[in-house]
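Here it is, the structure in full.
Read from first to last, the chains carry the letters A, B and C; within each, the first residue is number 1.
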Amino acid sequence: MEDNVILRVATKILTPYILLFALYVQFHGDYGPGGGFQAGVIFASGFVLYTLIYGLETARLVLPLRVASLCGALGVLIYAGVGIATMILGGEFLDYDYLNSHDAEHGQHLGILLVELGVLTTVFGVMVVIFYSFAGRREAK
Amino acid sequence: MNAVGFLNYWFVVVLMMIGFYILIAQGNLVKKIIGLNIFQTSVFILYISMGKIEGATAPILNSNWSVYSNPLPHVLILTAIVVGVATSALGLSLVVRIHEAYGSVEEDQINEMDRSV
Amino acid sequence: MMSHLPVLQVIVPLLAAPLCALVRHGRTAWAIAVASSWVSLWMAWKIFQLVQADGAISYNLGGWPAPIGIEYKIDALSAFVLIIVTLVGAVVTPYALKSVGREVGTSREALFYAAFLLCLSGLLGIVVTGDMFNVFVFLEISSLSAYALIALGRDRRALTASYQYLIMGSVGATFIVIGIGMLYVMTGSLNMADLAILLPELPSNRTIPVAFAFLSVGVCLKLALFPLHMWLPNAYAYAPSAVTAFIASTATKVAIYMLLRFFFTVFGVHFSFSEMQLGIILLPLSLIAIFSMSLVAIFQTNVKRMLAYSSLAQIGYIILGISFFSNTGLTAGILHLFNHAIIKGSLFMALGCVMYRLNSVELENMRGLGKKMPLTMGAFMVGGFSLIGVPFTAGFVSKWYLIQGAIEKGLWPVALLILMTSLMAVVYIWRVVESVYFSEFDESQNDDCTEAPLGLLLPTWALALLCLYFGINATLTTSGASLAAANLLRIGS
């Protein structure tokens, strides 16, 4: 679809705003509908749109499959890492109070922020890997 | 105790039966997964409609409101939606592999091919 | 660290899984998998000792107290099932190196171990948790990774088997979610211990029996009880050997654990068996399962399929013991859960050795194998005798308790049926014996067939020797099972 001018220009303009909106949804999960999973899917959809218009090879130059699957694994490690950190700092697993030694409420904020970041990374990575696997099937045959 | 008061449960039952029927009766493997999705969606509606409290707002802290809907069903359903997405992705990737291996996504044709081996 | 054991039991495999996915090299991923499964076994053993000494362990996730937050509760039954799941995991993981390398291929090996560890983590999570929705989450984690693992088989029928399992398993899990939702609507709590207190106090309504029905159908789909068993034979027959050995020994057993938790701990013995008449429903279904599945197993030519139908019959035995809802019956059911896991684990691993050398597990291709692969077939025979219930094997102990439970209830026909179906097990094991020991080896087909490598033989014989050990000295298993049974009945009543 690269030779279709309207689609090409619209994608180029829209993609940064899609990614920005994903980050907005991510950080406003406390104050409105949103959070890690929704943000991850919207973030991935920006890349899906880019792949649809510009083709799989170009998209693979922008975001290689290896990086996406790395993101997928990394998010789980971030989430579990936060849990391990709270256990080391003296609390139960995922007891965010202990993340900030002075103020429990700030600890809760930090904890939620980090685990949502982990969720964002994993969901984004997995969605992109799924899309690349399905889209790349025809050329693999 | 009237039927209209249970309107959300009627929607749930109708969707659930539609989804389950598609799951069982359709021979096309992709359509079965669609049926599974509809079936799971009916369960989401069951949970979320149960969490709504009359006269209450969405479960987001706001100084103007004092009564909030129950946030726990929303959390449970977020998890269940992710599980549904993962199941659909896995099912559809299996269908792609089956199509490459058998050349068809119709269940009766695949069973025929397996039987003739 | 000791106080965090319940959560570490689940987190260690869960952390090791993305590490395996990040590492591309198959050997390194295997090493990570072996290390984490052995650490899990050590932790399960420590937890078992703690529970035997002090009673149930409780752990609040995130520091939130019990009915508000998610609670991990490990009592005698959980500790017992933890031991068997981690034991099978710890034995199958070293076995998987050669077996998976041959059957799945080296390019996907690291991802295989990632899925394997996720499955192990999900199964352990189901056993450890005390929160209803958490059970669903871990159930889906283990089920989804199981579907992926089964689809890695070489035969293209592994794909359709995995697809069928996916559809049926997702329906079962959705039914469980519906049941949990109905319980939540009526009581406002998701904690199992809390529900056990709140449910009897509710005024009589229609929702709780319907929730009971949904939960029982969903769980019976997962544990492949008679009418809902169609996914199991294909899934076991066409999956890679290590996957079959692991899933046959753990997935259905953990589903049986879920059944025990739901019916004895959450709903209570009085509600489940007196009001909802669960015993009368489970008894005929399990009898039909035992009889018909043993009969079908006799006519199979693929030995893996034969053992899959035999597994369905053994699940029937376990449910039969549970349906008696007496102390002996429940002990028999839980004991057979443990013994059957060890028996089937060793049988499927022995078949994996055969698959490694012959690339086939058809009866006619296995002729004369007794001379070429004596140690492998010896392990298979130990498992086979245990399946029949020969004295001095593990299967004999559980069948003994089962017959005792039947006689205590006055159900003499059931005791006779148990003996008769054990004779049917003799028939299908004899078919294998006849082909392996009393037929001539076909030299033209496989001329380089020697004994299986040590890496495959050692885990197989480890479980086979455990079969013999727990048949001769069953004090550990019977004491664990009877403690678990007493715990369930006391909490429920």
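Simple rule for what comes next: contacts are C-beta pairs under 8 Å (C-beta built on N, C-alpha and C of every residue); 3 or more make two chains touch, one makes a residue touch a chain.
Predicted model, so just to flag it, every value in this text is computed and none were measured.
Asker: Measuring between Cα centroids, what's the chain most distant from chain C?
Answerer: Chain A.
Asker: State the pair with the higher C-beta contact count; candidates are A-B and B-C.
Answerer: B-C
Asker: What is the distance in Å between the mean C-alpha positions of chain A and chain C?
Answerer: Centre-to-centre distance between chain A and chain C: 36 Å.
Asker: CA centre of chain A versus CA centre of chain B: separation in Å?
Answerer: 24
Asker: Suppose each chain is reduced to the average of its Cα coordinates; what separation in Å results between chain B and chain C?
Answerer: From the centre of chain B to the centre of chain C is 28 Å.
Asker: Enumerate the contact residues on chain C facing chain B in the complex.
Answerer: Within the complex, chain C contacts chain B at residues 133, 136-137, 140, 144, 147-148, 151, 156-157, 159-160, 162-163, 166-167, 170-171, 173-174, 177-178, 181, 184-185, 190.
Asker: Which bits of chain A are touching chain C when the two form their complex?
Answerer: Going through chain A, the ones touching chain C are 69-70, 72-74, 76-77, 80, 83-84, 87, 91-97.
Asker: Which residues of chain B touch chain C once you look at their complex with the stated criterion?
Answerer: Touching chain C: residues 20, 23, 29, 32-33, 36, 39-40, 43, 46-47, 50, 72-73, 76, 79-80, 83, 86-87, 90-91, 94-95, 97-98, 101-102, 110, 114 of chain B.
Asker: Name, in rising order, each residue of chain B that touches chain A in their complex.
Answerer: Those in contact with chain A are residues 58, 60, 78, 81-82, 89, 92-93, 96, 100.
Asker: Under the stated contact criterion, what part of chain C meets chain A in this complex?
Answerer: Touch list, chain C to chain A: 4, 7, 11, 14-15, 17-19, 21-22, 59-63.
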